[in-house]
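Below are two complexes that have chain A in common, paired first with chain B and then with chain C.
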Partner chain A sequence: MPKVVYVDFQGNRNELEVANGMTLMQGAVMNGLDGIEGECSGSCACATCHCYVDEAYLDKLPEMSENEDELLDGTASERLGTSRLSCQIRMADDLDGIVVQLPEEQ
Partner chain B sequence: MTGVVIIGGGHAGFQCVDSLRKGGYAGPIALVDADPHLPYQRPPLSKGYLLEGADPDTLLFRTAAYYSEQSVNLHLGVAAAAIDRERHTVQLSNGLSLSYDQLVLAPGASIRPLRVTDEIADQVHYIKALGDIDRISAQLGTAQDLVVVGGGFIGLEFAATARKLGKNVSVLVRGPRIMNQNVTPELSGFMLEQHRAHGADIQLNTSIETVSRLDNGSFEILTTDGRTLSCDMLVAGIGVTPDTRLAEAAGLECDEGIVVDASCRTNDPAIFAAGDAVSFAHPLADRRIRIESVQNAVDQAKVIAANICGERAEYDSVPWFWSDQYEFKLQMAGLHQGYDRVVQRGTTESGKFTLFLYRGERLIAVHTVNKPADHMAARKLLAAGISPSFAEAADESLKLNGLLKR
Partner chain C sequence: MFRFDPFSPEIDANPFPAYKTLRDEYPCFWSEEANMWVLSRYQDIVMALNDWETFSSAKGNLMSEMPGRAGATLGTSDPPRHDRMRALIQKAVMKRALDHIIEPAHAAARTRLEAVKDKQPFDFVEDFSANYTVDLIAYLFNLPAENLETVREKAVLMVQSDPVTRTKSPEHLAAFEWMRDYADTLVEIRKREPGEDLLSQFILAEIDGEKLEDREIQLTVTTLIMAGIESLSGFMSMLMKNLTDFTDVRDALVADPSKIPDAIEESLRFNTSAQRFKRCVQKEITLHGQTLKPGDFVCLAYGSGNRDERQFANPDVYDLERKPKGHLGFGGGVHACLGTAIARLACKVAIEEILAMYPTIHSIEQEIQWMPSSTFRSPLHLWLKA
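The block that comes next holds the complex of A and B.
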């Protein structure tokens, strides 16, 4: 199963197996990882699953929707060039090993 | 063994488990649910779940490992049969008896059944649990003509899903508007046009008079306004009733829901209740209300967990909920009942707009279409009690988040 490395705000690395088709938000939440909330169940409606994606993987991600773009403008922690909502990133083979940094606040 | 017993594994029940452990509660926790699956999220069932391959694992709140790591005893596929308040026990349908220090009732609501003959009743589909969706998917492959009864969120979300799957869909709506209780006439009218533009046949002011089954297995429906429709599948979403059976039998105060105070406690201090089944006085409402939403379930469960962990927490969150229909994301924040003015930001034609609903000069609710960022900002404005002027609300060049900082 492909792996995702979630790095929390304190710098702790959590490597989790996330099945293809699951989103990075689901992978974190289902395994009880703190730092990602996903209070809208992954419908791109709340911006509580904000993460910073390792630059090496940015190009492999699906394009950002207008809704995601607008929501990222209102995140609790600062928006950076690498900011994405993790509910909009579905696991796939070419994302195996993807590293995402979790923000201080959601 | 005592501890906390939670009845119901929906959003409220699950959140209570998680918040108890995060809040440091170290005692035993038991979660009881009549549904045999690991606790899962229901909102996607009427939305994207059927479109996205219908993998039940994607719905789980947590994997099985979480419950063993957190020492949570799951009693799944088992119903709670009775509460003995004197002995602090809950009897389960499998004969087990669980003792509690605190009991949390999160039973949710029961589907309101369509009034049809017994022979037809078994054939009507509802959307509440995974088992319902399994039955629907099994038939959806061959069915082409669908009739949906009910113009609320569930019926419309399912109608939109079925249209995306290429089905012919008629929706029978009892009242003059879709989503009549929950959105303004402006938003209702906008969404009615969208459903029709997407090819759904929405019929207003009508309902089912009789249903009969034809020899070829299809249904023939006579509507209350004298029309005849035929279909291969009949799906109903005509509302729910709070599941108060267990609470009432135990002598807990119920009034169109299990009555709780601001700390989500029933009239028995050892018993709390949360979610769709609960009737309570919300600080933003002028009467006792019941809210069927994820937000309400989650936030009430957090309040309960905090109280069990020894904090004094009260429930006063701004209500919000959402609905996905076709490419439209509807988000409602606040309680709009009693509004007397609507200020719109953004044009209806663009398919992205925000409605600010005022009572006098006070902002009481904000409804958005494909404006999730406005929704998130509106929740903060409503929580802070900030009412933008009508001109500010209408001005697209003013960022809503900016209004928070004054």
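The block that comes next holds the complex of A and C.
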């Protein structure tokens, strides 16, 4: 099963298996990882699953929707060029090993 | 031959043995009584919840749907429209937006608990959780103070179904119609004089430059009132039933109230009030050797997935230390309950106040009457003594 590396704000690395088709938000929430809330359960409606994606993987991600773009303007932690909502990133083979940094707050 | 009738009073009272048979022997079961497939294993339910293109909500999500509701509410629409509608309401119901209800919730809980001091035993459902949730939702939605008792009575009736005809009775349908008219009047008032409340925000909102349709607003408001009052009260009653059935858990919470959220999560897993929801198949799919055709309805038995031994160790044990993750107590996927933060907060405040005031609260000898509903499961009355 493909893996995702979640790096929390303190720098701790958590490597989790996330099945293809599941989102990175679900991978974190269903494994009880702190640092990703996902309050709207992946409807792209709340921006509490904000993460910073390792630049090596940015180009492999689906294009950002207008909705996601708007929500990222309202994140609790600063929006950077690598910011994405993890509920909008679906696991696939070419994302195996993807590294995402979690922000200080959601 | 094994049968599964989600309308039967036996299933209302105790669905768990049937769920186990379903999971072990018939993981994709055709229920003639319900006229739909039943998925009962955790992994299958999660799969369906995450694949809205195959398992659509647009033909209704309640096991016994109400007329005209499918397609017009958050819970009964699919992405992308669902997501746009949800975004309009989500902001107002997020954890960080709810600080303003904490104090009113404590005050409401204390007032309602004071009122039962001289009434022992008291009915937790009618004397506490119903009133407390109405107080809270009336505050949140800024509902007019008059006829709140009727609002609650209709919210309870509209989610019920008749065990004999396996549909909604005229009384249940009348309750739904009453609530729809109530929502309609409320929407008209808010349109004229919009306020800061959640409903006003929703009514005034636009999706892609267009206002929501009147029917969408009316039926979504109807559903929010129903969920805010009935579903919340139903779950709180199940939570309180657990704390009085398992008094060691109650005592652990009295000793350390910081564990109350753990009890809430374990109750959501152990016997959530939202037992079964519905989807409609859009693309042919084969599961466990059965072929589901487009147009077939599918019941997702959350209450069974939460007891699936393939996912949760010793699932029939209520374990305060479990801290379950990924439970289906609020459903899942994009349609997971909108009010999770409100529900968690309301329950935490209520249990804090109850155990502070009545640390030895316990149940009395009684035969529980269960609500007749194919979707929800909660006691009609829960007699407790402080």
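The rule is short, and it goes like this: the second predicted complex is superposed on the first by the 106 of 106 C-alpha atoms of A that agree within 3 Å, B and C clash if a C-alpha of one lies under 4 Å from a C-alpha of the other, contacts with A are read in each partner's own complex, and residues count from 1 in each chain.
Criterion: a contact is a pair of C-beta atoms (placed from the backbone, for glycine too) under 8 Å apart; a residue touches a chain by one contact, two chains touch by 3 or more.
Treat the numbers as computed from the prediction; the structure is a model and nothing was measured.
Visitor: Looking at the overlay, what does A:N31 touch: chain B (first), chain C (second), both, or neither?
Guide: Both: A:N31 reaches chain B and chain C.
Visitor: Considering only the touch criterion stated at the top, classify A:N67 as touching first (chain B), second (chain C), both, or neither.
Guide: both
Visitor: Tell me the contact category for A:S43 with respect to chain B and chain C: first, second, both or neither.
Guide: In the superposition, A:S43 contacts both chain B and chain C.
Visitor: Where does A:N20 make contact in the superposed view: on chain B (first), on chain C (second), on both, or on neither?
Guide: neither
Visitor: Taking the contacts chain A makes with chain B in one complex and with chain C in the other, which residues are shared?
Guide: In chain A, positions 21-22, 26, 29-32, 39-41, 43-46, 67, 71 sit in both the chain B and chain C interfaces.
Visitor: Looking at the complex, which residues from chain C come into contact with chain A?
Guide: Residues 50, 79, 82-84, 86-87, 90-91, 94-96, 323, 325-326, 332-336, 340-341.
Visitor: Spell out the part of chain B that touches chain A in their complex, as residue ranges.
Guide: 18, 41, 43-44, 47-48, 53, 55, 57-58, 60-63, 65-66, 69-70, 294-295, 298, 322, 324, 329, 331, 370-373, 375-377, 401
Visitor: Flag every residue of chain A that touches chain C in the complex, lowest number first.
Guide: So the residues of chain A in touch with chain C come to 21-22, 26, 29-32, 37, 39-46, 48, 67, 71, 76.
Visitor: Can you list the chain A residues touching chain B in their complex?
Guide: Listed in rising order, the residues are 19, 21-22, 26, 29-32, 39-41, 43-47, 66-67, 70-71, 73-74.
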